[in-house]
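These notes open a run of structures that come right after.
What follows is a pair of complexes built around chain A, which joins chain B in one and chain C in the other.
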Partner chain A sequence: MRSSASILTLALMAVAAGPLATQALGQATGWVMPRTADGRPDLQGNWTNATMTPIQRPEGVGLALPVDEVERREQGRWDRIQRGAEASDPDREAPPVGGDGSTGAAGGVGGYNNFWIDAGNQVAMYNGEYRSSLIVDPPDGRYPPRTEAARARIAERRAVRRQHGQYDNPENRPLAERCILSFGSNGGPPMLPNYFYNNNYTIVQTPDHIMIMTEMVHDVRIIRIGTPNPLPGEIEPYFGDSWGHWEGDTLVVETMNYHPTQIAQVGVFAGTSKDLKVTERFTRADENTINYEFTMEDPSTWTETWSGEVPFKRLPGQVYEYACHEGNYALFNVLSGARAQERRDNGR
Partner chain B sequence: MSSHRTPLLTASGASLVALLVSALVPSAAEAQIPRGADGRPDLNGLWQALGNAHWDIEPHQARAALQLQEGPLTPVPAKAVLSFGAVGSVPAGLGVVVGGEIPYLPEARARRIENQALWSERDPEIKCYLPGVPRATYMPYPFQIFQSAQAFFIAYEYASAVRNVYMEDPGPPQVDSWMGQSVGHWEGDTFVVVANGFNDQTWFDRAGNHHSYQMVVTERYTMTSPYHIMYEATIEDELTFTRPWTIRMPLYKHVAENARLGQFKCVEFVEELMYGELRKRPIGSGDGR
Partner chain C sequence: MRKTSTTIVLAGLAVLVAAVPLLAHHAFGAEFDRDAPIRLQGPVVRLEWVNPHAWIHIEITKEDGTTEVWMVEGGTPNTLLRRGLRRDCLAVGTEIIVDGYQTKDHSLTRANGRDVTFTDGTKIFLGSSGTGAPYEEELLRERAAQGRC
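And then the complex of A and B:
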């Protein structure tokens, strides 16, 4: 079960605000950097990185999007949200056996409707520029080529997965479905939008720690400020081992030593090795924005380092408890459904 | 962090330190309390309860197991917990309930006894469910407090449980939840947290002590030295108890130079228990040989 009050809150907020309305908030002039008692930029509060802007850019598109294109995309998303909010026909037929052929989380037989989804309804604006992708380097906005070693790791991980059917064991299901991590790379690092829902974060800052809680699945990154004293190599936590330092008014966080299960995922981590190092830079840009830059480095995976930029926008309201595992009927039902199907197929 | 170089204390060692500290002139100890830029006591750091409250918050004799069945002469461990042997036995505890006994209503007391008989099926800790309050405080795992001028956040090692203690009251909780809604304020040098909005699924300990969704917990965190917090929690729940009651225990600061909150994401550790029978090929006896 994925119910979270914040989805509801955000859905209602989205209805109230409409496209483009909230992005104007960050443009106020005369803003003074809020600072903590020790003089550092104050990064605290609730933030969201939900956006329509994808991680990678389609080929042949430039980084900056013109305003009319932004309006077209946001209007298209808005129209879809409005259509999704229309009342359903109570007299409609049951969906056909096996589903209606649609893809995605719906699995073909109906899933979350629009009410439950908060995938972001705005194009990312970064330093005053509308963006077509989160990746800014390489300049084409796409993952750099993977090395032969990385392609071999991808093939090896796929071969391991294919020893089993995708519904054979709980371990064959994605980490988010098992309530172990959020979708995509929400918890990070890099902390990226999941294009689904709950892209919400709480930051608390002390002189020697930055704590970042990702709503999904109430996961805490504890970033120590100072000279790194890394964990023993035997300990490989989810979200890795992060150490931070300040470079002027920018918080720089370096992370290594990821949990092997996290980097075995597809997406941004595909093919990565034990040597993956991610560097994040947090800079307050205005009252409602943290500029978040990330750089991915793993010479045995990519032929070059690559970087992205994501705006974190202030999230009005609270972040609620995402008690995922405690209400995870889905995993039980997915597995028991697969067993029922096997019994049926075997004529038992 | 602290430059104190004592390694993590053992239970008995820490108690000795506590005794030594309390033997000092109190005002001297108070003067040592670290304070933030706002003058409030600085509770930042890694804390942990020592002792046996996580087994059973009431005074209790050592017993063979959390779940027992009748034996020919004395109770013996139930089959579900038998293989743990002495590792599954319960050490004696002086209890942390002020006055000794939890003032249950009769039917609530009966349910506690039933919870003990069905412990392996019912204790939410077994399934890695969120621990609730106050149980999170004295589970056998550390927790870390992040305190700033405008925020007070507690991250618990067990199950990655969290509490954002609001410094401004957002009003009544919007939904019931496992960790509840917490609102904090200062009363002198004591940080007071009122927590409510709980569901009725969490327990107080491994001994089946329970509550209803109406529970309100008022916690008091008072630093008594740089390395000690006296923790107190008053429980109000008219559906379960005849009157409000209080638990009290010291919390100890981790002072090892490399001390840090571990990650205990136990959800994946309980998948075999919760979903093992739904595997395409169930693993069977599972004795690991």
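And then the complex of A and C:
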């Protein structure tokens, strides 16, 4: 097992102590909340939310995972990484005609080597508790049901996309493929892991602004601090219009006015309306952790609000530039491939 | 090339190992032609450590003796930077083997790097983040002794 004995001991202490464990550990280690010159908790630095813990929980599983289950899951991930590092046969031939059977984005052609992947290899621990999902409310850890109106919006957006072929032009390609937004909801809000790579963030803080840069696709959010003076409804930037204020030592950020193309994506935003409101809460829990809570509200989309908790851990290293347009040959290849396929289909 | 039962089994394993059944920057199936598998072997002539995907250029020698440069797609270089990417990890002139699929536009000599290895079959990097797994430390020590990444 990769965990050192001391980490395991701390973890066991934390599980035994329950939700107050983080505070207790902080006291035990003599940790003092770092503060900026204006006395606010200092959230600055490089952080990562990479984790194995999925957003949604499988049905019938509790929120807290026992230590032996955590060890089993993390060992399984490490075994997979180890298999990926093993040598291949140097006499191997080309893969099979018709595809290699891979699924998902690998699309039957196999993607690329495992060494490019950095998906997170640990189960999320939040307030001393190992977690089976990032969603904590509803209590079953699953998205609440979508309303009839949300399902209608999903169908309508799909119909709009289908007016043109999905490879007809760059605008019909997904935002991530076009280097406009990161994978999934990496840039947020809510800022969630993409379960692939580069789940890293830099936070810079002043008394009146907080900047959060997501490594993937260099997504940058600017959060204004103070009494909200919201943008007019027709101004809808990517990542929405975010306003923050402090409640004690917790930074609370409320976001509305999302860009319609951002909320038309699949995943957490599927079916959402112009009224989507996301509330985030950032609390320093110890030297190496920010507790990140988020709540999703949109009465015409979900039958109830829902919330999640994600640990942001200090990143031991740098966040690197991700100049996505610099070498985006893939988008060219996708469109050029579609044109070549059309020529083949037309016998030219 | 010979095809013993052993190599078939190994090739089968390579499929499992190389496959990345996750979300990604783009759908590989839209970019590459599953009916155009390729195996390439040759020296690296250029590296583009760029986002969103790194591209490795290699020169292959065709049966008629002429040469051709192919571009091979990898993942984000940021992950490799965190794993200790150095200029010499895949130096120009290093011979590598690539298996993958050609782009759907066959006029391009481009392919995905489904499995990219040195000529002895070893991987260019280990799939680790340096978090200290015992197997990893041992492999890293061995590779450092050989001057590898």
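One rule holds in what follows: the second predicted complex is superposed on the first by the 317 of 348 C-alpha atoms of A that agree within 3 Å, B and C clash if a C-alpha of one lies under 4 Å from a C-alpha of the other, contacts with A are read in each partner's own complex, and residues count from 1 in each chain.
Here is the rule we use: a residue touches a chain if its C-beta (ideal position, glycine included) is under 8 Å from a C-beta of that chain, and two chains touch if they have at least 3 such contacts.
Just so it is clear, the model here is predicted, and its values are computed rather than measured.
Aligning the two structures on chain A places chain B and chain C side by side, free of any clash.
By the touch criterion stated above, A:91 is placed in contact with chain C alone, chain B being left untouched. When the shared chain is aligned, chain C comes close enough to touch A:196, but chain B does not.
Judged by the touch definition given at the top, the superposed model places A:276 against neither chain B nor chain C.
Of the two partner chains placed around the shared chain by superposition, chain B and chain C are both touched by A:326.
Chain A is touched at more residues by one of its partners, and among chain B and chain C that partner is C. Legend: residue contacts after superposition of the two complexes on their common chain; A:118 is shown touching chain C, with no touch to chain B.
Applying the stated contact rule after C-alpha superposition, one finds that A:340 touches chain C and leaves chain B untouched. Of the two partner chains, chain B is the only one touched by A:206; chain C is not.
Contact with neither chain B nor chain C is seen for A:134 once the two complexes are overlaid on the shared chain. When the two complexes are overlaid on their common chain A, residue A:179 makes contact with chain B and with chain C alike. With the two structures overlaid on their shared chain A, chain B and chain C come no closer than 7 Å at the level of C-alpha atoms.
Common to the chain B and chain C contact sets on chain A are residues 167, 179, 217, 318, 320-321, 323, 326, 331, 336, 338-339. Residues 1, 36-38, 44, 128-130, 144, 146-151, 153, 155, 160-162, 164, 166, 170, 174-175, 177-179, 201, 258, 260-263, 265, 267-268, 271, 274-275, 278-281 of chain B are the ones touching chain A in the complex. By the touch rule above, chain A contacts chain B in their complex via residues 5, 36-38, 44, 164-165, 167-171, 178-180, 202, 204-206, 208-209, 211, 213, 217-220, 222, 224, 229, 235, 237-238, 318-321, 323, 325-326, 331-332, 335-336, 338-339, 342. By the touch criterion given at the top, residues 2, 4, 78, 81-119, 121, 167, 173-174, 176-177, 179, 183-184, 194-198, 215, 217, 317-318, 320-324, 326-331, 333-334, 336-341 of chain A touch chain C in their complex. The residues of chain C lying in touch with chain A in their complex are 1-3, 7, 10-11, 14-35, 37-39, 48, 50-55, 71, 73-76, 78-83, 97, 99-101, 103-108, 110, 112-117, 119-129, 131-136, 139.
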